[in-house]
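These are the structures in question, set out in turn.
One chain, chain A, links the two complexes that follow: it is found with chain B in the first and with chain C in the second.
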Partner chain A sequence: MSAADATAGVVTGAASAPWRRLSTRFLRSELGLVFGRRRNQVALAILAAVPVIIAVAVWWSAPPSGRGPNLIGAVSGNGVYVALAALGAELGLFLPLAVAAVASDAIAGEANQGTLRYLLTVPVGRARLLAVKYAGVLAYALAATLLVAAVGVAVGVAFFGGGEMILLSGSQIGFLPALGRVALICGYITACLAAVGALGLFVSTLTEQPVGAAIAVVVFTISNQILGTIPQLEPIHPYLMTHWWYGFGDLLRAPIATSSVGPGLLSAGIYTAVFLAAAWARLGSRDITS
Partner chain B sequence: MSMLTTRPWLRWAAPASVLVAVLAAGSATRLLAAEPGLPERSASDLLVKLQTAEVSSFSGTVVEKADLGLPSLPLNTRRGSSDLASLADGTHTLRLWYDGPERLRMALMGTLGESDVIRNGRDLWTWHSEENTATHTRLPASTDRAEKPPVHPSGLPSNPQEAADRVLDALDPSTKVTTDGTARVAGRAAYELVFTPRDSQSLVRQVRIALDGEKFVPLRVQVHADGEQAPALEVGFTQVSFTKPDASQFEFQPPPGAKVTEEQPGRSWGRDHKGRDHKGRDHEGNARGGHEGKGKGDHGDEAKGGREGRRGAAGRARPVVIGDGWTSVLVARAPSPEDVAARPGAGDEHRGWGRDGDRADGQRTGDQLAGVLGALPKVSGDWGSGRLLKTKLFSVLLVEDGRMLVGAVSPERLYEVAAAPKAQLND
Partner chain C sequence: MTSGDPRGAARPETHAEVGAGAAVSSSGLTKRFRGGQVAVDGVDLAVPSGSVYGFLGPNGSGKTTTIRILLGLISPTSGSCELLGGAIPDRAASVLPRVGALVEGPAFHPYLSGRANLRRLDAADRAAHPATCDARIGQALDRVGLAAAAGKKYRAYSLGMRQRLAIAAALLQPRELLILDEPTNGLDPQGTREVRALISNLAASGVTVMLSTHLLSEVEQICSHVGVMHLGKLVAQQPLAELRAATAARVSIETDAPDKASATLRRLGFTEVAPTSGGVTAEAGELPPEKVLSELVYDGVPVRGFAVATPDLEDVFVSLTGEGFDVSG
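The block that comes next holds the complex of A and B.
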């Protein structure tokens, strides 16, 4: 999307636009807004830098003795693993942080700039406003994940070559099926991030401070991960939002397992549904003053 | 919509109803699970069915949950790993493929790793993704014959009903065998056989085995500790299929770059392997045979050293078993941490199979063991003094004079046994 489009998007999205039913214009303007923001672009650039750093670091260091951390250890064998190592490394903080920033900005950002009430003068229901905002968040989450994976695969293949990929089960698959696996993993991670986005959208309706909302989301995510490391709390682990995130290893087995991915998708779906419904309830019942 | 406009707080019913719907769906599946609707069967009938159950092949996912109440020890930190040694605590997921005793595969799934044991005819492979290592054992042809379960040696009961009755008779003095209705395991209707120790001193309250309602193979085993609602140990299918697994599942080629170790048959896999798969007992017996018969001569030096070390430690005095049934206590000489550290290949023992242990590994294991022992509470009495490991299902007493007492009993019973003259191991 060009800069001109993006600027136009900002104007139409924030201020005025005559509304027709099921027009994609609102959505397009929202996407322009999300992807046109300089800070979001910088965040994408930083996310994309991680696979490059991993590839260079592994290439520079001596070939691993085979005892490295799982994904990074496998990087030198196959370039595709750069993408997986990068996704794994960023799933802990960077990806949720980026999604939280965008989601928190969705409502609280508008409120903070005083543009929310103008946005609500657009003849469109608040539910649709919320849906469009969430679609923007989802698009950003998917784009961020795919970008990391694409840069990872490109850099990895350039440094270490493609070819057969070794699965966790010890068997090998060709390059194209390997790309398919990476695409599946991107889909799974996006589904996990969708729950973060829904949470961010909900918190965003509670406050007029986008930074505060983003911090709240990140604190929630990190505290979930911390709770997940306390063995005494094992009974509640399956209900934590972050518990199943690294279950994407299931997609690297032969045949693909569902024992983590299945519950992971279910968990992400439930978190998404609850927080989206809560966001809808909050935005609909709230008096917009700014 | 107008109601929502006039009473905006009503909107909060939406997230609330989503939550309620999720909870309701969760408990509905549990309620449905309680009603499999199978015809009633007696305990001896089920034992007959269990004995005659013929399942040539299956595949499925097994979840193992251990909540033994182990004290948090320094060793106890490898959660979510695919290391076999980590099975003692926490929740683990395994995938099994079984196509007769000659072709089976077991995959222990870690978060981002996997440990596999694959047997295809005479080839036995182990694979450890986190270490990128594999071991290969070419099993001797003779074991293939011994592999057949020793079903009916002479003198055994001629029909299953008689066998079941005998089993019940044999169990009866120590164990009450009952059925407890039906359950749903891995989406299949199942009968529950309940074994309850009659001896109230046992830490085991009951053992429940869920038998598939159609194939009569065990689908789940639960061990309940005394005074605990949730099972202390549970191994059960979460998904199972009785169709023949794809033959490619049993083919294993170590990937390029993996470190492959060739092993002599009969070394250590049997110990780790036993009881892990469905027909575990067959292999256990077989592997033991391998140990006894072949163990002495044709090992590599490392393995030999380790074995001799173990013999030395155990050879000082023969272990004795005191008491019988559920409350029997094993008394043996315990190897000291120094022994373990000095033993080459000790790394193998504690951290999964099939890696060559080196000196450093042994040292580390010895240090860890010393640390673990140091973390155990000190106990003493008229039997002497020592350290105690108490879990929900069993207790271990390490007496300072080098004896080790193990049993599914309370520590008090161990103290009693420790004082007994028979348990002094003075030979």
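The block that comes next holds the complex of A and C.
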């Protein structure tokens, strides 16, 4: 310890640094933490590997026959479809799992390490902490989705070329408009994943075990999908969190349809709002004993 | 404690004079955990501004829980508290930037370096100026002697290094109040000395320090005030000097001429002179013991035995808490 200790002066409230309302430092720090974490990077790498595997598999099995899902069949005709096939394949488990892992870590991870108490005594207001943590989750969800799409387009074009794209409604669009459709679909999927992230954030405020929280989120997501396959439960299907996720086909029509995407966005928005409110209610009143 | 110990000689006197008002105050602070455990029970704290307040108590006596309530981490079942004049938790946002805290040991991100961890905490602080961030972090690391290890990952730190990093985090900004929960835990003797010197220096510059500890010696060495926790209750709270007065040394003289000895002792300014079976005892004054002996001999008192006994502060605490200094449930 240096001899300069004695120079530590008392600073009165008036002399301290000005209150900075609009600082993005904490958000940037959070993004650095989320994207700098090895586990999250590995998850992104795995997500990015899927479109490559799809492209190779389709290319290997060429000439394409009529079998398999529509999207896979279309892949061999146009590279952009690799991105869509990959997004569709990963939306069931991989993407929600990746988002759940990050969201569950948000509060529970900090509580588990004990860093939560030091953040709160900085002080970081609990609402601000949730906002920044959720922003980090959203950024990760968006990055994951865009990464899958970008890798999908890149390998797709490399393997199958980037010509005209045949829409579900039968008409054709050029390569650039096709990229626009992919971007729209990424936005829609991110909105769906935002609900998963909000759920993860909420569960994360309930526990100090991030892995347990992630498992809970994945179990919830998968049981939603299972319930969605049971015909007897048809009346409740529209209210399931996962029901509208595959409605992004709407965005592959000309003109763009909204019969699924519209309620899908509404559903995602409501789930997000409800879970965020629950997270705030829980963290706002919670005793931090970790 | 043996005879002739020059207690108080090395004690810093600077923070004995205490500024107006309380840096920390609470009234009737109580925390009952789910499950019924009353960890904090009607605590009325008064930490004077400018003091070094030793918050002393055995493990499990409720120190950390009290500190968590003071910092707004947990809400009290009943009672209220203020830091630097602002009610907690209502005014936490404006008060806590002026408070540095260490709660229940260090906690950082294991895969970040010490410096990166401090940068993260600074980034979270809206009152911190980004332009001075690196300079302040460098200074804080210097002060706790961690500059050389700043680039290492936190997970590679020893417990002592972790403790130092936590103290550095509390010093990232100039503070008016430091609340330090067992700051010397896990430090080697050298580190313990350094941290105590650092705390004394900070106190000398006007920072109020509330220091929780289970070590009596720590309180004796650096504190001006002491509050004693026992089973969730604050059983004593006073300036250390007052407590020390209750533990003034006593001389006892074995002699066949107790009257003569008493006269000499009174002349020398001793108080509470009382006869014993084989002589007299008295509360020691300013005079060093060897002087007393020569004065007695000079007055022709036949001295057969001479002893100075200082009751241990520990004895005082045992009498306060009614039992030993063990873990409370």
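Note that the second predicted complex is superposed on the first by the 269 of 290 C-alpha atoms of A that agree within 3 Å, B and C clash if a C-alpha of one lies under 4 Å from a C-alpha of the other, contacts with A are read in each partner's own complex, and residues count from 1 in each chain.
As a working rule, contacts are C-beta pairs under 8 Å (C-beta built on N, C-alpha and C of every residue); 3 or more make two chains touch, one makes a residue touch a chain.
Keep in mind it's a predicted model, so treat the numbers as computed, not measured.
Asker: Quick check on the superposed pair: does A:Gly170 touch chain B, chain C, both, or neither? Answer first, second, both or neither.
Answerer: So A:Gly170 only meets chain B here.
Asker: Quick one: classify A:Ala257 as touching chain B (first), chain C (second), both or neither.
Answerer: It touches chain B, and chain C stays clear.
Asker: Touching A:Leu227 in the superposition: chain B (first), chain C (second), both, neither?
Answerer: A:Leu227 contacts neither chain B nor chain C.
Asker: After the superposition on A, what does A:Gly88 contact: first (chain B), second (chain C), both or neither?
Answerer: first
Asker: For A:Val52, is the partner it touches chain B (first), chain C (second), both, or none of the two (neither)?
Answerer: After superposition on chain A, A:Val52 lies in contact with neither partner.
Asker: Return first, second, both or neither, reflecting whether A:Gly247 touches chain B, chain C, both chains, or no partner chain.
Answerer: first
Asker: Kindly classify A:Ala277 by the partners it touches after superposition: chain B alone (first), chain C alone (second), both, or neither?
Answerer: The first partner, chain B, only.
Asker: Quick check for you: in the superposed arrangement, does A:Ala131 touch first (chain B), second (chain C), both or neither?
Answerer: After superposition on chain A, A:Ala131 lies in contact with neither partner.
Asker: Looking at the overlay, does A:Ser29 come into contact with chain B only (first), chain C only (second), both, or neither?
Answerer: Only chain C is touched by A:Ser29; chain B is not.
Asker: Identify the overlap between the chain B-contacting and the chain C-contacting residues of chain A.
Answerer: 285
Asker: Can you tell me which positions in chain A touch chain C when the two form their complex?
Answerer: Touch list, chain A to chain C: 1-2, 4-13, 16-17, 19-21, 23, 25-26, 28-29, 33, 37-38, 113-115, 117-125, 285, 287-289.
Asker: Help me check something: in the complex, which residues belonging to chain A touch chain B?
Answerer: It is residues 66-67, 70-71, 73-74, 77, 88, 164, 166, 168-172, 231, 234, 246-247, 249-250, 252-253, 257, 259-260, 270, 273-275, 277-278, 280-282, 284-286 of chain A that touch chain B.
Asker: What residues of chain B sit close enough to touch chain A in their complex?
Answerer: 4, 8-9, 11-15, 17-19, 22, 61, 63, 72, 76, 79, 90-91, 93, 95, 107, 109-114, 116, 127, 129-134, 238, 252-259
Asker: Can you list the residues on chain C that touch chain A in the complex?
Answerer: 68, 71-75, 92-94, 96-99, 101, 103-111, 119-130, 139, 142-145, 166, 169, 171, 173-176, 194-195, 197-198, 201-202, 204-207
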